[in-house]
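Next come two complexes, and both contain chain A; in the first it sits with chain B, in the second with chain C.
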Partner chain A sequence: MSWLRIVAISRKEVLQIVRDPRSLLIILVIPFVQLLIFGYAINLDVKHVPLCIYDRDGTQTSQDLLKHFQATDYFAIAHLSDNYQDVVHNIDNGVCSVAIVVPPQFSEDLRSNGQASVQAILDASDSNSASIGMGYAQAIVQTYSSEIQVNWQQERGMAAGAPSISFEPRTWFNEDLESMANLVPGVVALVMAVVGAFLTSLTIAREWERGTMEQLISTPVGKLEIQIGKLFPYFVIGVADTAICAGTAVWWFGVPFRGSWLVLYGCSMLFLIVVLSLGYFISVTAKSQLGACQMALLATFLPTFLLSGFVFPIDQMPIVVQWITAILPARYYVSILRNVFLKGTAIHLLAGDIAALATIAVVLVFFATRSFKKRLE
Partner chain B sequence: MNTNQASVVVEGLTKKFGDFVAVDNVTFEAHRGEIFGFLGPNGSGKSTTIRVLCGLLRPTSGLARVAGIDVAKNPEAVRQHIGYMSQRFSLYNDLRVSENLRFFAGMYSVPSKEIPGRVAWALKMAGLEGREHSPTSSLAVGWKQRLALGCAVLHRPPIVFLDEPTSGVDPVSRRQFWDLIHAMVEEGVTVFVTTHYMDEAEYCNKLVLLDRGRIVAMGTPTDLTSRHMKGQLLLVECEPLGPALELLQNAPNVLDAAVFGSGIHAVVPDAAVAIPEIRSLLSTSHVHISRIEQIAPSLEDVFVSLTATRGANQRQEVTA
Partner chain C sequence: MRFREAIERIHQMLRKEFIQTLRDPHTRWLLFGPALIQMFIFGYAATMEIRHVSLAVLDHDNTQESRELISHFRASRYFQIVKHASQRGELREGIDRGDFVLAVEIDSGFAQRLRNGQGASVQVIVDSSNSNTALVALSYLSQVGATYAQNYQIDRIQRLAPQVASFVPQVSLEARPWFNEGLQSEWYFVPGVLGNLMLILIMNLTAFAVVREREIGTLEQVMVTPIRRWEFIVGKTVPFFLIGCFDATMLTLVGTLWFGVPLRGHVAVLAIGVMIFLLAALGLGLLLSTLAVTQQQSMITAFFFTMPMTSLSGFGTPISSMPPFFQELSYFNPLRHVVFVLRSIFLKGVGLDVLWPNLLIMAGFASLTLTVSILRFRKSLE
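Our next item is the complex of A and B:
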């Protein structure tokens, strides 16, 4: 191993990166843009659900109930209907995804039977939003229902002393239940996986494609020297991209950062070694730039997006899929990032994730080094 | 390394790609300070042989020793002793001239103190002084090839392999390139060079003629031209050429006939007997002969004669 040769390769690689505007763009602009796009586009909070109201009762009581729907952030009244067809029409058009229909004898039934019902119609083509909307609607009706119970008891001189349990939730780590705070650390992992593997996936393939590899491997340079020399500049870029991503998360999106920057950086470097080795391995195997960058995207973007727990919780996945996620480096990194950002978890509590990431790093570095041959066959 | 010691020893070297035999049981020896030429059409195994000797391909069987080291067993040890210039231009086009030189100086572990001196030497040798900051992609082919040679010999290797270094280079640049090769050889470097230019073959001390992976002939250019012709050579200049060639190829006493430039070269067992025969044969078929005489064979004639059993297409390739 000669440091001079490693330095010579790194310097050459830097010159090539600097002279290629496309790779500069990928390095500097793409992480920031991706973070912004994902940060804003992936929003799992359901608020301002468009609501259609059809009040067939038209009494003070029915209006009181509907005021509760108006008063909350969860719904936005998009339309007032005066017939059923109109309700159906508005749901069909997507003008509103929830419709509340108050039946004609609503207040009458309440008074005489002590029992009345309200109809809710939900557009369940987006089942997730529909069930959340249903939950909101249920809660509002429930609240109103207990209000009128209390009123009824008070009117009859009964003390409001009926036993009841009050529910006092305290959400830790993400106090406002902002999905942004939960997602942005995942986006950081996604950006780093894609940029890291994508950039390095080209480095060896490009040399084969342009014919420069034949000259390079005819020299006494060792394959480990090539690997270290080539990956080092991308490692530095990756570290800089981590800073861009984490900085954007904290100062732009206001994601709380409670952990230690040292832990964040240590783990990010480990993750970088993983994705860079993956990209290098792909590059050695593919031998064409197009094939290599497609494989790199396929190996990083989709699994990181779908299986890392970044959007979809791993413990909700079928058990077989859960096993598959065990070999996915991004899964551990996302978990570490969330812990470091939101919980400020101490490093010894992250040991499991770090160990898993380190194991994957060792395996990938081994395969990346082994796969490269200083021969033309 | 003393003068008597062979720089490269090849014995029974065979290289197969699947069922295809690219190099078939080749044996030769090259000595210090020799220009060793590989001559042959495309696909004859020249490049494959050189790549095996550089440790870029693993031989299927046989022995190849470069600078006393077995290439199959220890390719890495060979690489410090050799310089290699591949057939396809393989320097970094997006680097500047001096950056390429400095990079390869680094790859060959030239000591840092010596790098500026070596780079300056290579620039001077390649005639690229004043262009050290030009992007490599902006150089003309001839200059690129000289730069590639410069990069390959920065570490002053005792053995240099050049795979078609002058293909696509204009005649003046080709001449300059050969001047560089001669200068290296004078310093005791062994140079292996593949070419399909016959005039370049005359510059070599020793030649190996390859065809379909086999050695067809080997020796000095003079050896080859004097020993390897199967008969005597006649130059026939006549009009029209096409029918005349056909007649000569079918004539009983003509061993071989092929078009060379504006005339026909015919190989015959005895020139004195053949000249009158050919005169009468052609004139009865209304071919006008402007000149017919015995000439000294060139390497090209030797090559065509040695591969005479092959089809006419392959000859065209060689003479191209």
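Our next item is the complex of A and C:
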């Protein structure tokens, strides 16, 4: 091993990166753009669900009920229909996701039988929003029901009261229920996985495809020297991207940071080693840059996005998929980040995650080094 | 005669492209393998629904009423009681460790307040480090609370005035989830995944194919042949268009046969929607290829575009909860339109009468990107 040769390889790689300033700029801007989108546009809260109202009863009673729907944040009245066809049309073309239909006999039923029901039609093609919307609609109708019962008791001179339950939720760790705070760790992991594995996945494949590998092989440089020399510049870029992500999140968006920067950086570097080795391994194995790119996409972007618990909770997945997530580095990294950012968990509580990440790192570095053969076939 | 020559040249170009793309088994696998794997992972892993929210209870009141409330939680299919705590400290620790997401603490005096006809409050701690789970859990909570209060009130009236109890007014909600009666996540995600995979696959393939020739230097060789530029572009894009059609068919079959997503609309409408979108993805890929010299560049640039396009397509989060600016911005995103079109065809079964504006916008996007890239392509060669 010679430092000189490692530096030479690194220098060549850096030159190649720097000569393409647009790509470098994009790599450094991607984390910022991603956070901007996740910060301003992506909202997992279901609020202001566009609502369509079709009041076939048209009495004071039905209006009272509908006022309850107007009063909440969860629904926003987008349309008033006067026929059923119109309701169907609005749901079909997506103008409204929920329609409340009050039947014509509503107030009459309520007066004479004491029982009445309203219909909620939900566009369940978005199953998540539909089930949350349904929960709120149920709660609104039941609250209304309680209110009229109180009136009914008072009218009859009964000792009326409104026994109601209110939950006083205290939300811990992410007090304002900001999707942002929840998503930041995922975005950091996503950006690093992509930068790390995506870029390195091309480094060796490119040399093979362009034919420059033969020149490299004819030099005295060793396998390990190539590996370290090639990966080092991307390691630096990865560290810079982490800083950009974390800095933007904390100082621009005000995401709480309760843990230690040291733990954040230590774990991030470990994760970088994992993804860089993975990218290198892919690069050595793949025949072409197209193949390497597709494999890297499959091996990093998707698992990080889908299976790391970033957006979709792992404990809700089928058990087999949960087992698969156990070998994913991103899963442990996202968990560490979430703890470091929001909970400020002490390092000994993170030991399990860190150990898992370190194990994966060792295995991947081993395979990456083994896979590269310094000879022409 | 000139037309026949053009056809012949395109034919030769197509032959070359097909041989080049399909020769290597590795590349052949790349054309449909990753898409298939991603479809399966998405179908199984992407679930937003939250069932069995883990819950701990601490009952200081220990009355019939408080136990009744706890049994409401037990009966709800949304919650799973994992711990009956005896002191407040246990709740705190459990939440810290992540043993449960929700801790409910019923104060003493809960039953007394209810009996007096007052509002009783219950303290709840929510671990909101996953804000979506927390939000869903809160919506379930309010539902359980409202149901409990309703039941309590009716019981109370029955006790106090059994003779009139059957006349107590009561309003109920009949929820009818249309299009996806079982509220299954796969039904929601599969059509969206189809659109996303098509975009990523076709855009990348197209961009890489042209840039690869440029990077390796074979583009110049092609250009010294009598082939014209538009013929070259037709030759480059047609194979990927066909691959896209093949993949879309494959993914549709997996979605319907494996995941059981209904295809309620007309297959012809689906085909029209997919093909228009494929043209848009091709156009975007070509446009990228005119912007890039190396494959690495085209990959990075493609990634730069796809991440925001995916995020703002309404594929994972509803567009209606985005701020107005982003909602308007998303109209320029072909992916938004195709996700809507696919979901509408699969689940709602609507036809061209509803979907024509979206198809028109996608077609506009396709013709714009294709035209611009043909014009730019000419320049980038000189």
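In this section, the second predicted complex is superposed on the first by the 342 of 377 C-alpha atoms of A that agree within 3 Å, B and C clash if a C-alpha of one lies under 4 Å from a C-alpha of the other, contacts with A are read in each partner's own complex, and residues count from 1 in each chain.
Keep this in mind: a contact is a pair of C-beta atoms (placed from the backbone, for glycine too) under 8 Å apart; a residue touches a chain by one contact, two chains touch by 3 or more.
Bear in mind that the values here come from a model prediction, so they are computed numbers and not experimental data.
In the superposition on chain A, contact of A:Gln289 is made with chain C only, not with chain B. Once the two complexes are overlaid on the shared chain, A:Asp20 sits against chain B and chain C alike. Contacts of A:Ile217 after superposition on the shared chain: chain B is touched, whereas chain C is not.
Taking chain B and chain C in turn and counting the residues of chain A each one touches, the greater count comes from C.
When the shared chain is aligned, chain B comes close enough to touch A:Leu4, but chain C does not.
Shared-chain residue A:Gly157: touches no atom of chain B or chain C. In the superposition on chain A, contact of A:Lys12 is made with chain B only, not with chain C. Contacts of chain A with chain B, set against its contacts with chain C after fitting on chain A, overlap at residues 20, 210. Chain B meets chain A in the complex at residues 51, 54-58, 75-76, 79-80, 82, 84-86, 88-95, 99, 102-109, 112, 148, 151-152.
By the touch rule above, chain A contacts chain C in their complex via residues 20, 22-23, 26-27, 29-30, 33-34, 37-38, 40-50, 65, 91-94, 97, 110-111, 114-132, 134-139, 141-146, 148-149, 152-153, 156, 158-175, 177-179, 181-182, 194, 198-199, 202, 206, 209-210, 286-291, 293-295, 297-298, 302-303, 306-307, 309, 311-313, 316-318, 320-321, 338, 342-343, 345, 349. Of all residues in chain C, those touching chain A in their complex are 24, 26-27, 30, 34, 37-38, 41-42, 44-51, 69, 95-97, 104, 114-136, 138-143, 145-150, 152-154, 156-157, 160-161, 164, 166-181, 183-185, 187-188, 200, 204-205, 208, 212, 215-216, 294-297, 299-301, 303-304, 307-308, 311-312, 316-318, 320-323, 326, 340, 343-344, 347-348, 350, 354. Listing the residues of chain A that touch chain B in their complex gives 2, 4-5, 7-9, 11-12, 15-16, 19-20, 210-222, 374-377.
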